[in-house]
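First the structure, in the form of structure tokens, and then the observations on it.
Chain IDs A, B, C and D follow the sequence of writing; residue 1 opens each chain.
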């Protein structure tokens, strides 16, 4: 056991979205401080939505996060639609699911390919891969481009989508476009498998850490849930999304800036691994096949495996997107007018919208007055829900590493990899506390 | 599409000489790659093209009587194209379209007394005509050259200016707006308009040729009016931003109550009598 | 010529602009031929204080931000504001017109006093000098490429000074204001007849294209919605005339101000102070 | 004059779409307006439209067109002219007149091959105005009907279209319709005549001026600053009135490079004299800094400058600018009427 002084201090952790620090101090093998700190300047979205019209809310809240802007837009639209009593057509629902698949795939490919793979390949970043592993990098880029093409085609833009509006879509893709997209999706399996092979080769690089925790995600009898469903916990079972506040109980802790969340235990995890743990059986067979290659079965308690769960989900996204396009084309695409604006009757009310975004379950909750002006809003973002779990993982992992005589560098890397495995999107945290740390 | 058919495809020209004139102005000597002459008339301009950067209209500063087959451009670095040209070294190539526009009326000026008034970079187009006239000295009568700059270091073509000063058959005066204490300057100090009263003007035979920054025209023209020089005897070279040089893009239009002039087609050299009614001309 | 060193930094924003850079896909490899990326926290681990061009994303909203930004300004030869939050304050400036105490209370409740942030979100040039601006929420990839290519060549980038309507016209969109009536020119009596459903009449059509700087190829209008003003005001917007237009199409004064506040909050304040 | 059954005409159009090498474009609905777009089926062709958003000039002078491609590594430039041969269906007479005017501009002094080649490779199928937009005043400008400018011209006479052939391009096209094209009856000729005679009644604008008064009216008003300032007060400088105008052709030229800085292209794009930076010159000087100056310039061009240069009044009365100007200050009828009333 190490008896030296250990001081890990990672300011502005890289390769995550947003700003977070890792601080670990140990003396004589005794942890004095072990903190996951969040230092993002607050952005006040829940205030910014107040006094805004139902027509604008999704536009504003989309800006919570550039990477999950489609998910935020959809959670927002669902909340607005629930509040105003708006139903959308089956076709629009399918197109929205396609949009979520696109975003999930984009984000996961970015995370696995650009952020995690370099760690596994022993490179500091994706840039050296351009010369050391050009073919592998190009494979990843092709998948990334495909996901963005899908977003573009369905949403009119990859980041801050335009076509998604209350009541449906302002513009929809044509059958020809969908067919072309489907072809490209079908042709992407080779690339997907190449990335899976690459990860499998490096599977031993995933730390064998494990800590029992609770996993929360949407769940849906019909399908592996992204767009709609109820909330499922590995601890407490299924509950309606209207009870989201009882599940996410956000609370303030002294040692961190961010609000933490807890349900049954002192922390829980959301994201790809949580979804996989809850809904494994509904994965497409091909996705399951990939999971099996990594021995990833529910309930898996190794947070590092979140990366593999992401890979599995990408395969599922592609598979399901192909199926959705089949359904859309079989039903025959119902054309709509250019610059379509669905008829919406404004009413007073409150609505809650939940979707799965790449990093986990996301809730938007708005209240509108008779004129359709928002009077209050609340957004619970996945990364916020994960903060407590990250903190507790660190509290378990750090002593283990010290116990095993790991050096400072190695401890630092393992902790960084741990945080990155959650793919935290700190900038999208709508409410963080900016507390001064007393050292 | 054939290269010759495209109005917009520049000809390649090689930089065969490059010389610093002032801190921000350089003289470039160019030759068309196909070996042909440019065949410019004094006062005409070319569209200088640097692929990847853009195009800019530049007067040909050399006289067609000299240095053939090469030609010279005197360019001040003020923006994208001119900066990029300044970066080019001898031996590299640029694109040239043209020459375009109406130059100076060399035939009309034959046998007349000439008064050149150049302010700053305005010397660039005038130099072409001055050297043209000097090379055909006996076809022209008295020659007066007034050349003004902000400060001594901005005077260009020193050797040629000195040569004008030495020649007995030329009346030449140089002036600067301002001369720092530590600089030695043999010419006048003051704005160029102050030199005009000193020039002998024969109302029937003198033609003034003026080029300078936009602010200069108004004052020079007032001064010439005091001398009662007929407006038909004054020629100006005007500048506008241009996108084609071919009388199409609309950018170089000079607006008046009667009609509109295209600096690139109808000019850049204009007779003052013709443009004085144009609100936007000077 | 040695490659210019390029760094990306982010402040209060959604990081969607950096994502647009990542989304260049294959072109990223070309970009890497042209410049050396030394800081790009979202994607690479290395950090360096040695860079020529700094791209700043996000608004500045705390002393801590401002301090970090000043340091970057000292290190960088060229500072580029990347995206609307950095260039004009962006969506963050919605809160600038709200009561700051209410703002904190709505988000943090009882813990509001623990929050350390300015009452206003500010663009980068409110704190340090900015050399170039890339507008947009998010930025347009072609414009980013153009700016990088220009800076590398020592060119002044060409950013439109005209409004979005220009691009919208070139794309032959049906103008937002003409979508219900069949003509942009409708009298108020006609409008009531043409607008279906009383509930809808609560707000007329709006588009900020006429006062918003172009450069996005009128993206949002092409996609069937409206210009929200994300690229900020043109250099000399005729706001009065535009407000009259919005009024003509049925927006109340508050609604008009509300729209102008979506992205123009900070710019409006600046203009009023002039 | 010939005639063709409407059904046969549809079949003819479908046949062209299917079998002709050229792209077949025509007027179609775009939401609640009309636009020229590639035709997928004759069903979509709307020969009863009132006015399109953009005029057909976009086919001869595209919004963005590459003039020259270059290779930056080798310093080579290659001119390119992206010509798509087209059959353009449903051009109204005022737009045909505008195209004839535009032809003169691009033929003048230096012939512009980019425009002219696209013109040469297009067939213009005109149609007489079955409907008239509220803002149009083509009848006043003498452009509600035309005897020139088209390759063929259609007039709706009930079950059939009357066909006038204007050129050999037109007769060649018509040959492809084969037997379907029939001789016109005298009764139908009368119908065509009547159609044209009654057309002026369909216009709603109350014009008080004669087009050939415009050059002198404008000259008189040139220095009336107050007039221009008042009228331009609400101008957004959005350029809409330029861009949608069938006789506006000003352009900008820019170099666009790819990120690797190895290749690029010189692009010509639409520009407009109403835009603030249009008359900027080096040294930050702007010859038309005030919106009133730009506003005046536009009217001078329409009513006087082009007349002096080419003998044409460069407003064909389509009403597009007036319909699409948001502050509603671009209506030439209003401005010209004001002038006329102010001076008479």
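One rule holds in what follows: a residue touches a chain if its C-beta (ideal position, glycine included) is under 8 Å from a C-beta of that chain, and two chains touch if they have at least 3 such contacts.
These numbers come from a predicted model, not from an experiment.
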Distance-maximising chain from chain D - centres being C-alpha averages
A
Which two chains share the largest set of C-beta contact pairs:
A-C
Between chain B and chain D, tell me the centre distance in angstrom, where each centre is the average of that chain's C-alpha atoms.
39
Quick check: how many Å separate the C-alpha centres of chain A and chain D?
51
Distance in whole angstrom between the CA centres of chain C and chain D is 35
From the mean C-alpha coordinate of chain B to that of chain C, what's the distance rounded to whole Å?
44
Please output the residue numbers of chain A that touch at least 2 other chains, ranges allowed.
338-339
Listed in rising order, chain C residues that touch 2 or more other chains are 153, 173-174, 179
By the touch definition above, chain D meets two or more other chains at residues 30-31, 254, 257, 261
Using the touch rule from the top of the page, what pairs of chains touch, sorted by label?
A-C, A-D, B-C, B-D, C-D
The chain C residues in contact with chain B across the complex are 153-156
In their shared complex, chain C is touched by residues of chain B numbered 52-53, 79-80, 83-84, 87
Any idea which chain A residues touch chain C in the complex?
12, 14-19, 39-48, 50-53, 55-56, 59-60, 63-67, 69, 110, 114-115, 118, 124-127, 130, 138, 141, 144-145, 148, 156-160, 162-163, 165, 169-171, 252, 338-341, 343-346, 371-372, 376, 427-428, 430-431, 433-436
Of all residues in chain D, which touch chain C in the complex?
30-33, 35, 53-54, 58, 63-64, 133-135, 233-240, 243-244, 254, 256-261, 269-270, 272, 275-277, 291, 322-328
Touching residues on chain D, where the partner in the complex is chain B:
67-68, 70, 72, 75, 77-81, 105-106, 108-114, 117, 219, 222-223, 249-255, 257, 261, 264, 266, 268, 271, 273, 278-283, 285, 287-288, 293, 296-297, 300-301, 304-305, 308-309
